[in-house]
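Chain nomenclature is as follows: A, B, C, D and E, assigned in order of appearance, with residue numbering initiated at 1 for each chain independently.
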Amino acid sequence: MELERATLLQTYRFMCLTRALEDRIRTLFLQGRIAGGVYTARGHEATTVGAAMMLRDGDCIVPQHRDLGMHLVRGVSPRSILCQWLARGNSPTLGRDGQMHIGDMHHGIVPMISMLGESLPVACGVALTMKMKHRSTVVLAACGDGATNTGSFHEALNFASVQKLPLVLVIENNGYAYSTPAARQFAIQNLSERALAYGMPGESVDGNDVLAVMEALERALVHARSGQGPALVECKTFRVRGHSESDQADYVPPELRAEWLKKDPLQRFEAYLMQEDILTTTSRTEMMAQIQAEVDDAVSYAEQSPAPDGATVSHYVYAPDGPIAVVGEPEADNPHYV
Amino acid sequence: FADAQRPPSPLARRIAAEHHVDIAQVRGSSPHGRVTKDDVVSYLEQNVQGQAKQPPVVET
Amino acid sequence: MAEISFRQALNETLRDELTRDENVFLMGEEIGVFEGSYKITAGLLKEFGPKRVVDTPIAENGFVGMAVGAAMLGLRPVVEIMTFNFIVLAMDEILNHAAKIHYMFGGQTPIPMVIRTPGGGGQQLSATHSQNLETWFAHIPGLHVVAPSNPADAKGMLKTAIRNNNPVIFIEHLGLYNTKGDVPEEDYTIPFGKAKIAREGTDLTVISYSRMASLALEVANRLEQENKWSIEVVDLRSLRPLDKETIVNSVKKTGRAIVFEEDWRSYGIGAEIAATIQEEAFDYLDAPVKRVANVEVPLPYSKPLETAALTGARQLLEAIDELAPRRRRR
Amino acid sequence: MAEISFRQALNETLRDELTRDENVFLMGEEIGVFEGSYKITAGLLKEFGPKRVVDTPIAENGFVGMAVGAAMLGLRPVVEIMTFNFIVLAMDEILNHAAKIHYMFGGQTPIPMVIRTPGGGGQQLSATHSQNLETWFAHIPGLHVVAPSNPADAKGMLKTAIRNNNPVIFIEHLGLYNTKGDVPEEDYTIPFGKAKIAREGTDLTVISYSRMASLALEVANRLEQENKWSIEVVDLRSLRPLDKETIVNSVKKTGRAIVFEEDWRSYGIGAEIAATIQEEAFDYLDAPVKRVANVEVPLPYSKPLETAALTGARQLLEAIDELAPRRRRR
Amino acid sequence: MELERATLLQTYRFMCLTRALEDRIRTLFLQGRIAGGVYTARGHEATTVGAAMMLRDGDCIVPQHRDLGMHLVRGVSPRSILCQWLARGNSPTLGRDGQMHIGDMHHGIVPMISMLGESLPVACGVALTMKMKHRSTVVLAACGDGATNTGSFHEALNFASVQKLPLVLVIENNGYAYSTPAARQFAIQNLSERALAYGMPGESVDGNDVLAVMEALERALVHARSGQGPALVECKTFRVRGHSESDQADYVPPELRAEWLKKDPLQRFEAYLMQEDILTTTSRTEMMAQIQAEVDDAVSYAEQSPAPDGATVSHYVYAPDGPIAVVGEPEADNPHYV
């Protein structure tokens, strides 16, 4: 697979933007300006960004809680994201949900529901729609190692395979589900082995090597797009922070964390780009400054945005009557749907 | 209230009030002694000549 | 106008809607090749093909979740859950996805889907196959929950359900499938949240839905013939939204009410109805609202036990006898 | 007697029971190494080892089913569902297995298990993490459903739950974990189905449970201090079985009642209470029973919306103000 | 594996008894004396009986709807079974349930709940108990091909493998779930491949060859009993009748059914036993007469048994207070627990 220089640079930029945005969100959380929990992709950036980079216009994503990067790649603006985290009235959810529960139907991003595994059947439904409408688009769904143990994982993948749905599942295996290490979650070495139970292809790759992720995704996407059914890619990575920013993660052996910190996906990719003369120290500095400015802008935009009005609390429980355009069809009111 | 002499039902109370009947004068006929609409209506029919020949029209 | 069964009304309505809107499709276990465990989908696979009539493996949560995904993109899935009892496996996709996504995500995407499923007891199918859990669903904002009692309502409400842009739980009753009734041939819908005065009366109101509503109507007609009491029957048809106005107005007229329901009494449908009546028609109540419901046991298999557990005409008659005003009807 | 938090009361009770009976064991996500998402199981893995404190993969239906299997053989599993919201995934094992097996199989095997789980809103955890679905469980024969409001009750009722030979849904409230209260040090149990008069009063009865009961008590105390009304507070503690007697007797005394509940109003807990009161204390009611509950929306995240949706002291005060008798208290 | 002649004969007898009893139940159903549905093991007898034959005292079974044979092997009498089908007050469920929902805690038979797949977690709980109590017993659970597609199948097997539970799962793959053929249920050839997803051993055998079933079970049981965790055996068989006795099964190609009818497990085993001189025409005739007598006795016993009393409808909703003995422990009141 030959990736263009521009694509590589963009990939790198999204990885850096993801980290910068999450760092800022973390600061806001520690300052008490965000309620609830903050779950980040720290250490996962190659997986979440790399996977989404391989998509095309019209594809959909069904992200999980560490997939801020996917949202960025698919076109959600940092301003929207900060409005969401700061629970503003103009956030994508109009203040009704927070954090990573963003969704963006205009960009083909299926809203994230917390119940692990439960979004995989939903992803199949999206893929079924594409198949029914004879599109050549695919769905990229993501889940953690923990979520692979849920019944819905099984029901969804089995179904997708029987129906030959255009679905690619990225398992972001970061070694832990909350405090539970892989060994107490399942008795296999590679989660790609789970693909065997459904008769679909699966492979495991180094999730901290963004090029490896992108290549594996390309293989899976070609398979899914060609009508041969779903494919699974396990990206082996590591959650270098706690489960959430309130978790000290004492249960993680320090050596293990130290080892993975050395494999930081940003540094690795940066070294590659420098070596290939795609990135220079100067262009990197410039990019970082832009990213910081973008993040600053997003924060102040969000801070100036009004909180939702409590009087509207009952709006949106039910959708109004009237015709509905199918997302992705020409008549649909979704001009930004990439 | 002692169980033997239950109060009138809310409906009976309301009808009695609308017809200015002292509900204490009405005897309950139901098994549990509760004064109900029927009791007030028959009381009206028997005792309040000319005032309420018809059962009151209940607004709906 | 033709006299057809409840089953046939559903079948024809599904055919109508599949024909009318290419975005409508059916999904469920055994609905295609087998034409449905209760034959509601007879002929539809042949007519519309396997893309519109999707047979699924045994995975209730999975295929309900799939329906949510398809609905998010604007299709209109109509899911059959083989029996109401298996819907319990799909509660998460119903509660946390179907019912909430439109609200949680600020109206980004409606979830126009229907789950149809037959429930109810009385067929000696025992505890895990004779359930009435409608109160679970009626409690959930974001859902519509309907339970028609006759073929004509089944047609009109299923059309409304499929055309509605929100998730609808459409509860059928095994004991009604063979019930016949006149069904208008034209296309019509029946709005949700409108109860029907199935029969007017003056002595007492019986409030019911689904099979018990049809039973209530029979009982009321019999009492009329026997020249006993004049019973008004309110057929709720829709449990969420609930038509409080019709209920309250009827009770304001009669002063007395019985809720006749096939579910377990505690925390059942009747609780909400009784609570609402005492809230909104307190000054019109001549006696407490009564609830006539099943005995609170998992429904047993053997006939003597099942009969002892299930509510029915006898129990309703007893309750009417206790509650009706002491005078003879005019 | 020591003043400890609700969290500590639960933790100590679990330790007590694990020590007392070798057949008691704990199971759930993150309860061992991590000591529980809310630290209710702190120290227990260290003390009792991995056979008695079993960490599970993410598979709620699976491990609830496992608990059923272990209980069928006579063990006493105490399952923690990380939050109430995930219990929805385990409904089938709860409804069709835990609750029914003893009956369906003619008493062949009791199912002595407990599911503990924290629910409730007010922490800005949004719609899928702030739920109150107690009515689903309270509706089911075969289950016990309890929801204590203070540390002393939590201890006594958790002991009862673990020693009871039936499945118990033990509902905790995130907002109560840090609440402190005096807890007797000795071993004691509190029978299910006994409500507590948390406070006597004469003007009006407030009926509640869980966190809302503790809020009701605060409100009532404040009104007493302000020399306004004399409010009786009935803390239900147990929703199934429901202590009708205490409720009805209190209403017979005061003539007026409010149900104060954190769930959605329609088909919620208050519906059953109101229906019961009008059934059993009709002649003592001076006014309709009122329900003070959440606005019927999936609970939103942002503070202004969450505040608008959640019920609380202000809503209760308003309801008291409307319902209380028009005279000043003696 | 060397099986004793007596064991072989007993196995054959149980297979014949299963068929005879089911035939009678079917007749009673057609006569309108049984309400609901009748699901039989016709064509499966080698699987259900063969698997149960390999168990020892103290083992438990968690059967499904075509496992009448397992009940017989584990010691439930034809009289009890007929009382159950005829819903008598003295049936194992006291008339509260019917059909195959028998259960028998005294014989280590976990009652069957209809929701497919949902009994597998329950089986894990039973196995966990055995492990906790340091027993060397195992749980034999059964499920159909259809049930392997449920989320609970996945959650249970994954868990069993992580916890190394003494569980053996027999998949009775009879080619159909209701009317749905294997190909529309899953995209793999052998359901034993599902074992790979859990890191547990799995094998597929001819489910109509009772000796093959018994040998595979022996391997699986040895594995499970030794503390190495669960094992899976797929028995490939065929449902030669309809899903239930009300189903004509027109959707089954007649050639396919005809082919499997030729492989009838009883006839095959009978031929083997005759060839080995374990069974003779005379001893077979005698055995059949005994079996018929046993079935006749069971029917008339059940018919003379009283129906349950409706007045007792509310009994047994809640278990009474008091100490509970652990099933399988010496103090337990379960003398017949094999």
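Basically, a contact is a pair of C-beta atoms (placed from the backbone, for glycine too) under 8 Å apart; a residue touches a chain by one contact, two chains touch by 3 or more.
If you want to know which protein each chain is, UniProt gives these names: C, D = Pyruvate dehydrogenase subunit beta.
Being a predicted model, the structure only gives us computed values, none of them experimental.
The set of chains touching subunit A and also touching subunit C is given as D, E. Path length between subunit B and subunit C in the touching-chain graph (shortest route): 1. Of all the chains, the one whose CA centre sits at the greatest distance from that of subunit A is B. Just to note, of D-E and C-E, the chains joined by more C-beta pairs in contact are D-E.
The distance from the centre of subunit D to the centre of subunit E, each centre being the mean of the chain's C-alpha atoms, comes to 40 Å. Work out the mean CA point of subunit A and of subunit B, and you get 71 Å between them. Centre-to-centre, using mean CA coordinates, subunit C is 37 Å away from subunit E. Centroids built from CA atoms put subunit D at 43 Å from subunit B. In subunit E, the residues that reach two or more other chains under the touch definition are 93, 95-97, 101, 113-115, 118, 149-152, 155, 158, 162, 184-186, 317.
Counting partner chains per residue, subunit D has residues 57, 59, 61-62, 85, 88-89, 92, 96, 100, 103-104, 126-128, 141-142, 282, 285, 296-298, 300 touching two or more of them.
Chain contacts: subunit B has residues 9-10, 34 touching two or more partner chains.
If you check each pair of chains against the touch rule, the ones that pass are A-C, A-D, A-E, B-C, B-D, C-D, C-E, D-E.
Looking at the complex, you find that subunit B touches subunit D at residues 1, 6-7, 9-10, 32, 34. Within the complex formed with subunit C, the subunit A residues making contact are 62, 91-97, 101, 103-105, 110-111, 113-115, 118-129, 132, 151-152, 155-156, 158-159, 162-163, 315-322, 324-329, 332. Residues of subunit E touching subunit C in their complex: 35-36, 87-89, 93, 95-99, 101, 113-118, 146-147, 149-151, 177-180, 184-186, 251, 307-314, 317. Partner subunit B is touched in their complex by these residues of subunit D: 282-285.
Contact residues on subunit D toward subunit A in their complex (touch as defined above): 29-30, 33-34, 37, 55, 57-59, 61-62, 85-86, 88-89, 123-129, 295-298, 300-305, 307-309.
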